[in-house]
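Across the two complexes that follow, chain A remains constant while its partner is chain B and subsequently chain C.
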Partner chain A sequence: MSHGIQVKRPVFGPRVARIGLYAFLIVSAAFFLLPLLLIISNSLKPLEEIRQGNLLALPVRPTFDAWITAWKSACTGLECGGVRPGLWNSIKIAVPSVAISTLVGALNGYALAQWKSRRANLIMLLVTIGLFIPYQAMLYPTVKILSSMGLFRTYAGIVLVHVIYGLPYTTLLFRNFYVGVPDEISRAARMEGASFLRTFWSVILPISTNILVVVAILQFTGIWNDYLLGLIFAGNDNLPMTVQLTNIVNNARGSVSPNVNMAAAVITAIPTLVVYFLSGRYFVRGIAAGAVKG
Partner chain B sequence: MKTWLHRQTFNPDITVAVFFGVVAIFFYGSILWTGYMSLTRSTLIPSYEVIGFDQYVKLFTNYRWLVSCLNMVIFGVLFIVGTLSFGTILAILADRRIQAESLFRTIFLYPLAVSLIVTGLSWRWVLDPVNGLQGLMRNAGWESFTFDWLTNPDRAIYTLVIASIWHSSGLVMVIVLAGLRGVDNDLWKAIRMEGIPLWRAYLQVIFPGMRPVIASCVVLLMSEVIRGYDLVIAMTKGGPGIATEMPAKFAVDFYFARVNLGLASAASIVMLLLSLLMLLPYFYSEFRKRT
Partner chain C sequence: MSSVSIRQIRKSFAGLTVLDSVDMEIAPGEFVVILGSSGCGKSTLLNVIAGLDDCDSGQILINDVDVSSLEPSQRGLAMVFQSYALFPAMTVRRNLSFGMEIAGTPKAKIAEKVAWAARLLQIEALLDRKPSQLSGGQRQRVAIGRALVRSSSICLFDEPLSNLDAKLRAETRVELKQLHATLKSTMIYVTHDQIEAMTMADRVAIMHKGRVEQFAEPQTVYEKPASLFVAGFIGSPAMNFLKGHLERTRRFKTHDVCLDASSYGFATEPTAPEAILGIRCEDVNVVERGTPDSMPATLAFTELLGADALGWFDCLGQRFSVKLTVDAARTMQKDVGFRFNMSKASFFSAATERRL
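Now for the complex of A and B:
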């Protein structure tokens, strides 16, 4: 977060208020940490300890057995391969989806920022509304369009859906960024005789690294955490991790071993958490930028 | 290829046209198609014969749909009020020169990186009457302790509220905090000189000046409410009974599990209209501001 201008704020005066403030912060922190810590701690317990029913107790004999089961032999239905295939599917889906939707979004955003037309405002409005359209109002026609192209329930299909559904969002983020980039840069490139694409690729992209990282992180988090689109469009061979996880948990055999379910949930959450912890500043900036849409 | 590129001396029009074409087909085209389907008697297979608004009549006489809508309103109001208040309080506190600010911020924000599926499952386990909090308290000797909201049809909706406040408060905190950091220092000086108590300063001076920031929070949270699907699936699957059904789940169920295309389309169009209705005031003010 920006520490650029540290403004002096009046501090709560009395010591009591100060203590109350920290008490509130600590209780809030406990509320936020509770679910994560509980599922991590319980995923490390052997089944006998789980059966004792003390959710808060720390594992007496911590073991990774539940993790290993969740990783490679928990049953998602008839198949018992754990979340491992789901992890691979999610990576396979997320990497190209994030890369394409980010780069194409940057190109579109730059084009829209350069595009001088009286209709520009109207188009921006229509694109912004696009962000708020519930998926349900587009799902069935998207299924039909993909079916007619032979892409429904295929790997290419799910990537295409993530790219298209993500484009208005990435485009707007980039457009808002490029509107603030001085026009002289593009004009200079044009004077040199560079084409639009050439200018974008060799002049604009290199000065966009920060926003590229921000958008890529947002897209990665969104696509990795997606459930609905994966469920409908990915097809049985490419089900992402979130879908595999719910299948493991809802599997009849799954209900007997909560520690395995919890381990599977933690494994599913790890990639985005790692990205969050490694990229905190960018992540926060992305949320703030993405929030003020339009 | 190269000569073609060269002839495009400096022309963003093509990119804009392609992009807008994609948006027009996949977004607006799909909406039109869904709207059309909602006026037909399509069930398993699409039928293209328009029969008028029968599906909407069926929809609003469908008990499950009405319960879903009522649930969405209850959930939405509690979730938005709760998340806004909690997030704002956290933002105010984080703006008060506290120790370990970045540690607290990291903790408050990490749920945003967690999927709603994992969020829902985690809270389902924590609130599970047998293995969760209730069982824990009873095991500890407090036999009469009861916290069975998750399995209580009258209370289950509130468990969704708890989980989603947990998930989204950080978002409000970030946005409001960014707004607070932008408040002019002179304003604070004036407040101190006038001797206005802090709570009044926030309620009557600072927040009224941040209306656009708060409006964008509300818009974001509303669109989360209308789209809410994953959390319900992971946490309650709409149950117990139909106690936590939501419109988004209703539509998906009727598209794919019950294959009633016409009814699902009608439900989707109602969701869409609701979203637009909520956005309208926001866009109106944004648009007027710019022109």
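Now for the complex of A and C:
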């Protein structure tokens, strides 16, 4: 009997395992990408090709006509201006909502992480409860409150609603991040004479880049894709793209043009895709990273 | 140079007493080490002095001014943290200048101060790096630099060397001592390492369960520990202890053995006869078995430590450590006798555990 280390031979060699892994990943990616591929390929077809009914066929004579129609002349209810006006409305709503809810959430989260008492935990619990209540349950009271403030169906109103509905989420994410930041850093800043806000601004925010990006992306996606709040609170002048997209798709007048609908859907989704592509690196880093070192 | 007075500081957390009427008077320019095992309240005391933690009652006086209600930055002191707590997003230069920027110090003055501290601590080459690009020892220097630049007359250290490796720790220890000699500021230094305490301190405060057990010069703490806890805590190996009776004739009786304690300077006349004799390993003399006035002892094993050696003996049902020369340890016989150097011994009351 030899006393060497017993090496158990794996059933498959490393190469086979690797090929299997890639095969699995490619199939998964295809599964998730297929709807996107379908929607893009069909949006490039002229209406006649669509009428032939073969959804999976690639466009024979690709054309951007449907995209142009969706962009500037598809009818959203009474107006026929495409999704173009909605793009600006969505940007106008999303940018300040994301910025305010992220920054205020960071400040909230830092304050709650610093405040070590039973009351702070209670407040955190209440904030968390805010996360679990569905929007639909809060709609009617919110409408009443905003009307009494004269903000119902106004631009300021929709931004305020997004900020407030976003705060429990952003506060929780930042609080959990800041709990992992060593306390001594804040104490050192206090020894140096920095106020709470000064510490937050000069010491804490600069080490929060990753989590800021993560929260901002999540907030941006959520607010951009929001339909319900935009429909109810934005008012006719500020309807976001998502509402206009639905109006195009549900437009009862005239013929149904699936290619235009699909083009409009892709156009509406482009901004979030761009944001993911531009900041994906930070996003993964921020999700994976714990607190700072050093 | 500033004096610090700590008066009747009490603090408790959820029913647990962390600080139990702590009193300390620290003279200007003194290097005071607060020594204790973890959980004894030493770091809490430092944070109370700094103003980072509140206390339940008591006063902190700096230069005879009550600062108990002042913010940390208004107390005119600086602090070096255990984890260094450098600001991660700032360069070393900004780490050093941040406090002065907040205080509104003129730019030229800031630059001058930073340059001075960087030269003193030899971190000039590191000024434009971020803390994450520094080694542990370099971060340590920057943290000390940050405490120095504001020219506070009092400097607090919270176990600043505990994250360094042994060699670097010994070097930094010497440098800190030199720094104190140069700057002559008052330094309060918290540690659990008794070597740091013995080598650096002008006076050591030994804390146990939120109380200061003894506050004295290091050598006094070693030679004349004020309580049983201090005697067991200071010194490695720990002091040897023997329980017994102290008679009016100044004889210590234990296990049918009578020891003459007349050479011992009693601080207080013992009220109860039960007492504990403490004797350091270097104050036990090993003699031949049967020598008059000696106690029989049996060698268990020896440890050679390079420069000297330790012998572990069984005597009167107790394990004793005895300091030996290496040669003596090599040729040590199994059955020997002990004689104690009674003038260097310590007696403690068995009831109060205080020194007699």
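In the analysis below, the second predicted complex is superposed on the first by the 243 of 294 C-alpha atoms of A that agree within 3 Å, B and C clash if a C-alpha of one lies under 4 Å from a C-alpha of the other, contacts with A are read in each partner's own complex, and residues count from 1 in each chain.
By definition in this document, a contact is a pair of C-beta atoms (placed from the backbone, for glycine too) under 8 Å apart; a residue touches a chain by one contact, two chains touch by 3 or more.
The structure displayed is predicted, hence computed values, not measured ones.
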item	value
Touching partner for A:Ile129 - first (chain B), second (chain C), both, neither	first
Partner chain in contact with A:Leu21 - chain B first, chain C second, else both or neither	first
Chain B versus chain C as contact partner of A:Ser73, first or second or both or neither	neither
Partner chain(s) touched by A:Arg190 [first = chain B, second = chain C, both, neither]	both
Which superposed partner A:Pro182 touches (first chain B, second chain C, both, neither)	second
Contacts of A:Arg198 with chain B and chain C, given as first, second, both or neither	both
Superposition-derived comparison: chain B or chain C, residues of chain A touched	B
Chain B versus chain C as contact partner of A:Ile207, first or second or both or neither	second
Doubly contacted residues of chain A, that is, touched by chain B and again by chain C	190, 193-194, 198, 292-294
Chain A residues touching chain B - in the complex, by the definition given at the top	1-2, 5, 7-12, 21-22, 24-25, 28-29, 31-36, 38-39, 42, 50, 53-56, 107-108, 110-112, 114-115, 121, 123, 125-142, 144-145, 164-165, 167-168, 171, 186, 190, 193-199, 221, 224-228, 232, 242, 245-246, 249, 258, 261-262, 265, 268-269, 272-273, 275-277, 280, 283-284, 287-288, 291-294
Contacting residues of chain C [partner chain A, same complex]	47, 50, 52, 71-73, 77-79, 81-83, 85-90, 98-99, 102-103, 130-132, 134, 139, 146, 150
Complex interface listing, chain B residues touching chain A	5-6, 8-13, 15-16, 19-20, 22-23, 25-31, 33-34, 37, 86, 89-90, 93, 95-99, 102, 104-119, 121-123, 125-126, 130-133, 135-136, 139, 166, 170-171, 174-175, 177-178, 181, 183, 185, 188, 192, 198, 216-217, 219-220, 223, 226-227, 229-230, 233-234, 248, 251-252, 255-256, 261, 264-265, 267-269, 271-272, 275-276, 279, 283, 286-287, 290-291
Partner chain C, residues of chain A touching it in the complex	182, 184-185, 187-194, 198, 202-203, 206-207, 292-294
